[in-house]
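Before I ask anything, here is the structure I am working with.
Chain IDs A, B and C follow the sequence of writing; residue 1 opens each chain.
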């Protein structure tokens, strides 16, 4: 009898629970077909060939028109997943990567995508012919050759093992173009778009908009759900904010200042989702180690000690995208030092009064008891370049360093940087993929192009080349941490703050999660717009 | 006189060349070039590889000696080939053609609006000089001038978006295709620019009318007792309009430059914003072409103005009785 | 940009006859009684003069007027609304807005006065020389002026600012240069008609040197249009600086300049902290307003033809 009662109660409970969750399960929405996603694009694309350009303004709109070999998984960052590649195998010595492609992939003009197209596209990136630009070529130095073995097999051979290879291959700009057009004219895709992607290029009015429409014959059956995506070119930040507020666009896919996001949220409330994303970027000061007095380690240390980063975060996070404190590698990554380790290094200690005293002492020891005058060269963008500089200048005044703020517009600033024509330089760096140490740390290596400050530390050079070939991640992390400690102890670079980014999108957009870099996840092949 | 006109027209050529040369030199003296920007020097992750930089510069023809670059561009002009944009690779003329209708429309309508406001207001202020009517008109027009032009645009946009959740359409549609959509986008920029120009033109009209009103023949008409209205309309306006119209004509040319800020603030894909972008990017062929065209208009209009004044005032003359020629 | 440069009560292509007439007849007047008469007859102009005076006093006594420093960053008081301790509120760095406005008067006056003075004076000299020497010299100098007129301010500003840096003297230079051809044109037409006058011919006949003739006869007669341009361009220079800052080619942070304050923080924070936009905007508008009112009335006063019917 009791058993029956228990059974009935159990049954009732299960049924009730079932009835309760069932609607929830069914409420797991079904993708809705249709709708055009309207995006505010922050800059003007120079051409449509992402291989040859170095701006998100090309990769953002054109990602939806093409496929890549491999990509960062849009729903599972930082996993790398195949796009046209179905699977891949790595040889035991890590020198050969064999990719097997999907079959039946068609370009928009009906022709089939084969390994020949993959090879031709990758040759363009890694071994560009004369006259073809490949701005990211430096990331692929380890690739010896790319071969098309048969219709669905592509082989990458390397010079040496490289733990960074897969993430480099997954860079969003590495579109697969049809070989036949590349053969006739490598610049063909600067003005035309023939890809295999979920959308086709419908119309491009320079300075105004890029309009994409659905590819009904997309090889991933059933996709995409959207009818189209339109990118409106709006270069002024306030104008982008206005367009979002008035509903002229649905989303902005780069970043907006915190104040603007706040205003949008106030006006649109739940209709809009403001996502704060851990991007991988940092703004700090590159010191010209070749110029006096910055060749003196004590002077560099003094400059970094004078900055109370915990106060800086309070001041700057409400007005800029600078929010995190970290050293050299992203603070939330596996490469970062722990908070305890960090606080032992100059500039990250909590006792600011002591830091200031130490800074003044170091300056006096180095021969500058009353400080000195210098020039801080900067780029002409308020958030966060100019804002950071205003803060640093006011802070350095306290130790007697009088920094004149030399603000230059982009072309001039990049020339100053290239010519090493600066004493102190506000200089960001970061990653458009996962923040691999190869990408982030090569600026600290002697003679590398991004080593703007011309610093040279043989110990760091050795550490870098070791970690670059170390396939065991735990060992690699150790090497990287060594580098970080040394860079910060010797103050080769004056760390600033790390960025987050605020991405605003309509709440109607489903099945889409932003990634750290605004370059990524712009294919929208399985995203959809809800009715409300 | 005819020889003078001929001389001036012929002198236009070296003048324009002079402008082109100065611009060219300045753009090359200024540090930084477009190759750096193409290689993403401003973006995170921009790896400015020196060999890639050299490649880009070579592709764009930037490594040729300066005189070669300049003369090949000039030679192109003679054949009506204004070169290609260094940023997009498209012909400069095509880039200009995309943006020209919008800027032209705003310029023309703004001038129209400002003229329609300025002439009646300015005349009124002149007739009632030093009365409260005059004061009000002058205060309003000076007030209109004093407010920074980008400010009014921004305040306007803010007002519209805060209270009406509305902002103008983002894409330009020519007025003959869809007039309503066109007006939706361009109404507020036209009003902003036109309002400002109205302020200027009002004051100019006022002084021009004042001028003419003091002429003896006008005073005679007053004395004779002709109705004020007739006097004003028939005699005063006719003569006063000449300088006003020439001013308006000249303003039209400068309008193009003045639209820079308005187009930025209202997100219009027009020539004003385009030349700013081109200058900041060091897109030299675009800059040179646009400067040349603007210079041509300005110099041409100045010539017309000078001739008109010689016609108007026989005391100033060119040619045989040229002042100063001994 | 170029459009902004075209403002002024006696705009550049205004009847040159007026300038000529003003120049002729003003040669005889005395200064002091004229000033008194001015205040009475032109209350608007006097009001403008008062505004200018206020601005000058504010600039001179800036450090007395405010206890704060325009540069110190203070996180604790970021975005404070106007209050007793911070009359105009604080900005995104916690800097007192009133202080920055007051020190900004120095920058505005310095830029406005100097740019207008340098530009107008250089232009006037150019105009006088061109008119006096006449003939071929005049023809070619005029073409040079045409080139200067046709040259876009933006490129000039960019060139100066990128090569020489974004300092205040360089901004002044960038603003002054376009004023030169505009003043030159007006002054030249004035000087040209004066040359026609008999007394100039007479002075030369008597044996006066070129220089003497220029100084004694021509220059006094071009004072009117010169002063008119000068006062017109004061206010204009301030506006141009604001526009240049808006485009990133004018003064740079942390300089307290009204134009920079208006273009930088004001826009993004307009809704959160309206005082950031209102006060610099008011300051600029008031200054330009004052200069233009004043200049307008000077112009009216100097042109006897336009004196009130009496």
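Descriptive notes on the structure:
We adopt the following convention: a residue touches a chain if its C-beta (ideal position, glycine included) is under 8 Å from a C-beta of that chain, and two chains touch if they have at least 3 such contacts.
The structure displayed is predicted, hence computed values, not measured ones.
A comparison of the A-C and A-B interfaces places the larger number of contacting C-beta pairs at A-B.
Ranked by how close its mean Cα position lies to the mean of all protein Cα atoms, the top chain is B.
With centres taken as mean Cα positions, chain C sits 21 Å from chain B.
Centre to centre, using the average C-alpha position, chain A and chain C are separated by 47 Å. Chain A and chain B have centres, each the mean of its CA atoms, that are 41 Å apart. Contacts with at least two other chains are made by residues 30-32, 154, 158, 162, 264, 280 of chain B. Among the residues of chain A, those in touch with two or more other chains are 238, 409, 411-412. Residues of chain C found to touch two or more other chains are 158, 162, 267, 271.
For chain B in complex with chain C, the residues that touch the partner chain are 7, 11, 14-15, 18-19, 22-23, 26-27, 29-32, 129-130, 135, 138-139, 142-143, 145-151, 154, 158, 162, 196-197, 200, 203-204, 207-208, 210-211, 214, 243, 246-247, 250-251, 254-261, 264, 275-276, 279-280, 287, 291, 294-295, 298-299, 302, 305, 309, 313, 315-316, 322-325. By the touch criterion given at the top, residues 237-238, 257, 259-260, 262-263, 311, 314-315, 318-319, 380, 382-383, 386-387, 389-391, 393-395, 397, 405-409, 411-412 of chain A touch chain C in their complex. Of all residues in chain C, only 1-7, 9-11, 13-18, 44, 131-135, 138-139, 143, 146-147, 149-156, 158-159, 162-163, 189, 192-193, 195-196, 235, 239, 242-243, 246-247, 259, 262-263, 267, 270-271, 277, 281, 284-289, 292-293, 296, 299, 305-306, 308 touch chain B in the complex they form. Against chain A, the residues of chain C that register as touching in their complex are 71-73, 75, 78-79, 92-94, 158, 162, 165-166, 248-249, 252-254, 264-265, 267-269, 271-272. Interface of chain B with chain A (complex): residues 30-34, 36-50, 52-53, 55-56, 58-59, 87-90, 95, 98-99, 154, 157-158, 160-162, 165-167, 169-172, 264-267, 269, 273-274, 277, 280-282.
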